[in-house]
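Naming follows writing order (A, B, C and D), and every chain is counted from residue 1.
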Amino acid sequence: MSEPAPDLRVKLGALELSNPVMVASGTFGYGPEYANLVDIDRLGALVVKGIRMQPTTGNSTPRAVEVASGMINAIGLPGPGVEGFIETYIPFLETHTVPVIVNIWGCTIEEYGEVAARLDQVDRVDALELNVSCPNIKQGSTMFGTHPEMVEQVVRHVRERTRKTIIPKLAPNVADVPRFAQICEGAGADAISLINSVPAMAIDIETRRPMLANTTGGLTGPAIHPIAVKQVWEAAGAVSIPVIGMGGIVSAKEAIEFMIAGATAVAVGTANFSDPTVSLDVIDGIAEYLSRHGMRSVNELIGSIDLRKG
Amino acid sequence: MKTDLSKRAMRAERAVVTRHELLYGEYRVLQMHVPAVARAVQPGQFVHLEIPGLDDAILRRPFSVFKADDAMLSVLYKPVGKGTRAMTSIRVDDEISLIGPLGHGFPTSHDVAKPVLVAGGYGMAALYLVACALKSSGTIFMGGRSAGDILCVDEFEAIDWDVRIATEDGSRGTRGFVTVALDEYVAGLPDAREVEYFACGPNAMLKAVCDRALANDQKAWLSVDRHMGCGVGACLVCVQRIRDPESRNGDWHWERVCSEGPVFESREIVWDDDE
Amino acid sequence: MSEPAPDLRVKLGALELSNPVMVASGTFGYGPEYANLVDIDRLGALVVKGIRMQPTTGNSTPRAVEVASGMINAIGLPGPGVEGFIETYIPFLETHTVPVIVNIWGCTIEEYGEVAARLDQVDRVDALELNVSCPNIKQGSTMFGTHPEMVEQVVRHVRERTRKTIIPKLAPNVADVPRFAQICEGAGADAISLINSVPAMAIDIETRRPMLANTTGGLTGPAIHPIAVKQVWEAAGAVSIPVIGMGGIVSAKEAIEFMIAGATAVAVGTANFSDPTVSLDVIDGIAEYLSRHGMRSVNELIGSIDLRKG
Amino acid sequence: MKTDLSKRAMRAERAVVTRHELLYGEYRVLQMHVPAVARAVQPGQFVHLEIPGLDDAILRRPFSVFKADDAMLSVLYKPVGKGTRAMTSIRVDDEISLIGPLGHGFPTSHDVAKPVLVAGGYGMAALYLVACALKSSGTIFMGGRSAGDILCVDEFEAIDWDVRIATEDGSRGTRGFVTVALDEYVAGLPDAREVEYFACGPNAMLKAVCDRALANDQKAWLSVDRHMGCGVGACLVCVQRIRDPESRNGDWHWERVCSEGPVFESREIVWDDDE
């Protein structure tokens, strides 16, 4: 007699996911790119590449460079703009059932609001992730997401323009992640996600030129996982809204670490490039772990860290 | 040209290595049993390989398909960097994760009066399926630093292609860049406009072919090499500047080498300043 | 006819080093530990483990865990205290010629000053590195080194208590490294060093307990190198005092990257554990690079980054 | 005991693998040619190995010396984690970077009335040089989950040691923990205080031996296993709580397992709560 399969369902605000494993923005295109290799409807949610109001070109090449246990990218948020996105990708997404989260950004606070208001009218969009933390987009010399007031205003403004679930995505290069998490909660966020890529740089020592056309970029992949676990743990301890953990997931192990630290859901990023079906393996691995540990619901795993002193 | 054919055929497979050996100079051939992919390959397409034992490196590497039949697919490579050096340790019977076939390759089904292939490095392998697929045979110009960089001559001669070789050190064929031999050849033709180029090799070679195609009003299909992340169009790492078709003032947009490419017609490409 | 060997000498304030390669604090003990394996007098400088006024116990075990391309440590700055250091290690160091930099810390601003004043009397000590950025020592919920005012006060206070070269060591988990660098320069620092380990965490998914007794720790090794290169480049661009780059050096390549980015000197940390003589290889590798590139002095390498757009 | 002998002898060497094979069950022996280190080894010391092909892992791994002569040094291990699994790919003639001999081992030069060795896992290998060095032979208690975990019996019998085996599943020797057999043995002795223990194995086993030594007023030398960074005393990762010799109120300080250890006398050790 086999045990019933564990319950993997989790909630992000009003949005219920069939399982906690999403794919991270910018690493899975808009859906069709991987649809021939992956049964995308098995995913907890699909987070599409960052979208702003206008079509955007992005950075020059080289846009990425491989480093120890990771890569640095400076794509520069190219995209078709919100209307282009709706026109080109919503018809495809309508042939699928996976929850869709649109990652949005803007050059002004107002632009975030405009994009949110436009997507509020699109039924197929389930939630908005607010990217205030892309290392390749700046406000003065530092990014939007490192200024508490800016983050608060963006979240508040978007909150006024949409009833959909909103998920600010925090910057990792701040000293006090809990403070930013609390600001987002206070400003009306339904959940928060972290971490975005970590500002980084590589230089070709033979030419003495930066490896990226944009000079600097964002580090992702296994290298940043331990940094992400700490920030997710801190953030989850500081707020009562759900936290979505990401950074360096390559198997169920890292995803489970995030959930033990307090994440309600997780997102797989860079690992999609080397193994397109890794997210499905992560779902199966979490289910297997829950069964093995006698847990009937994934909610028993979330925040189950044992901090007793040895 | 840009159908979604490759898209439909794309699969992730575990390929079993059936052969792995030195073929020419430092170049090795890696042959894998992977029928579903091998059968679907079009000339100029590539596969994205996960290289075992790559230590702390996390990305796949793209390789043009050298040969493909109903069961086997092979690629040709030279150990130059981290990935290709690690590849040399692959053994027969090892399993390798492979995604393919990927990208839009060379057009080969139309009538080409005078097909001219121009190849450098692994391009000599990448163009072999093009030569096989074209309705009539033609001339292939191969360029390299020295004799050890000239590959696949027998293969092309076996299918009746005229092989012209140029090496920078003169150790095989004409001395100098491949373009010298190419220019001579084209100058000797009654109608240069009959020539249609199919090129794969270093950027400088592609650009040289592009210049000639523009000057002589010829078509030139160029296979571009860009560092890749996903290989399937999702990450936007591999982009190439492409001229807006309607624009008269040099407007351009990015296309993905892994998806819309790697083959572009010479007039489409907007070259970077340092290329 | 062979070229003359390139000139590797660099200056940190008044202190001249025979070459720019130091070993990083906490990764090389106090000198004797590696002296049987490494000719320590060939090093540019030896930076000893962090010292405060009192002897200190440090954290419980486990104190370290290996992660992708790095390790997380939470040693907790155990040490013999300044008097214990002088008594136990100065006699050994007096039998060697390598410049000695003592990494110091305190629980209060005053303690930094006391340690500095005491070491000011010790001839064998050439410089003080001020550790305001150890992720395992906190001021409230965040570390000393993430508060601009605290950093400024520490540097100013130490400056008043010693004539020796002083080198504040910056925290990596801040959004605005240049600002901290400028604050240090303004407060009288002779040089700055960065980066310290990056706050991080790992969880054993089977026991659901943190891998470290201290729960969180600091990530070091190749994983953090691209983060460090960016911060060193930014810091070097913001100040005119020398910058010492560290984080993930495992060969001459990473050291040269730091120097191209603007570092006057570099320090090798975690890599000593796997290869005790790696710093000597780095020295040789830099010399070889300079010769190959026709540079007669290492000063031609420092800050030689080429930012022309492609 | 705690001289700086090991310190003076410590070297970093490139060892050449001369033998690498399954020895007992899943345990493998890795033998290396590394004369300068092999010659200097004292019983209970260890070597710090850089394991080739360890992907993204950056630290060395410590291994007790199993055998050492004028030229060769061998270690015994079982593939259990990342490092030891990667070790299985090492081939004869490979070069391995080795630092050693490290640490302070077991005291063996004094007179021991009744030497009793207690071993689990790789401890059976780690104690072999102790048995060789002690002036008189005695009894070794080996414990393991099942028969496959019992190692080196022939080695100890060949040098006239009395080998007593206990397995948890009873597949070889007494059923149950090694302490059951040990307690029976000690109870049968005319004077239990003549026993001096030399133990290497899991912490629970060491602690059990420690309890008995304290209860029976015996000496017990315990080799402690701690995760290590540098292996030479620089990083302070590997520390063990050690009782302050003069203190009456339980004061303790940290000592480095790699330098002051790995062998400590049972009375020195302050056990962690979870040990």
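By definition in this document, a residue touches a chain if its C-beta (ideal position, glycine included) is under 8 Å from a C-beta of that chain, and two chains touch if they have at least 3 such contacts.
Fair warning: this is a prediction, and the values are worked out from it, not measured in the lab.
Trainee: Can you name the chain that lies farthest from chain D, using the mean of each chain's Cα atoms as its centre?
Mentor: Between chain D and every other chain, the largest centroid distance is to B.
Trainee: Distance between chain A and chain C based on Cα centroids, please, to the nearest Å.
Mentor: The mean C-alpha positions of chain A and chain C differ by 34 Å.
Trainee: Rounded to a whole Å, what is the gap between the Cα centroids of chain A and chain D?
Mentor: Spacing between the chain centres: roughly 47 Å.
Trainee: Quick one: report the Å distance separating chain C from chain D, using the average Cα coordinate of each chain.
Mentor: 36
Trainee: Taking each chain's centre as its mean C-alpha position, how far apart are chain B and chain D in Å?
Mentor: For chain B versus chain D, the centre distance works out to 58 Å.
Trainee: Show the residues in chain C shared as contacts by 2 or more other chains, in ascending order.
Mentor: 60-61, 68-70, 222, 310
Trainee: For chain B, which residues are shared contacts with two or more other chains?
Mentor: In chain B, the residues touching two or more other chains are 56, 272.
Trainee: Chain contact topology under the given definition, line, ring, star, complete or other?
Mentor: Complete.
Trainee: Quick check: in the complex, which residue numbers of chain A touch chain D?
Mentor: Chain A residues touching chain D: 68-69, 222, 309-310.
Trainee: Going by the contact rule at the top, pick out the chain D residues touching chain C in the complex.
Mentor: So the residues of chain D in touch with chain C come to 7-8, 10-12, 50, 56-60, 97, 99, 226-227, 229-237, 239-240, 253-254, 259, 272.
Trainee: Show which residues of chain D lie in contact with chain B when the two form their complex.
Mentor: These residues of chain D touch chain B: 53, 55-56.
Trainee: Considering only the defined contacts, which chain B positions touch chain C in the complex?
Mentor: 56, 272-274
Trainee: Would you mind writing out the residues of chain A in touch with chain C in their complex?
Mentor: 60, 67-70, 72, 141-143, 146, 171, 173-176, 178, 198-203, 205, 207-210, 213, 215-216, 219, 222-227, 229-230, 233, 248, 253, 256-257, 260-261, 289, 304-310
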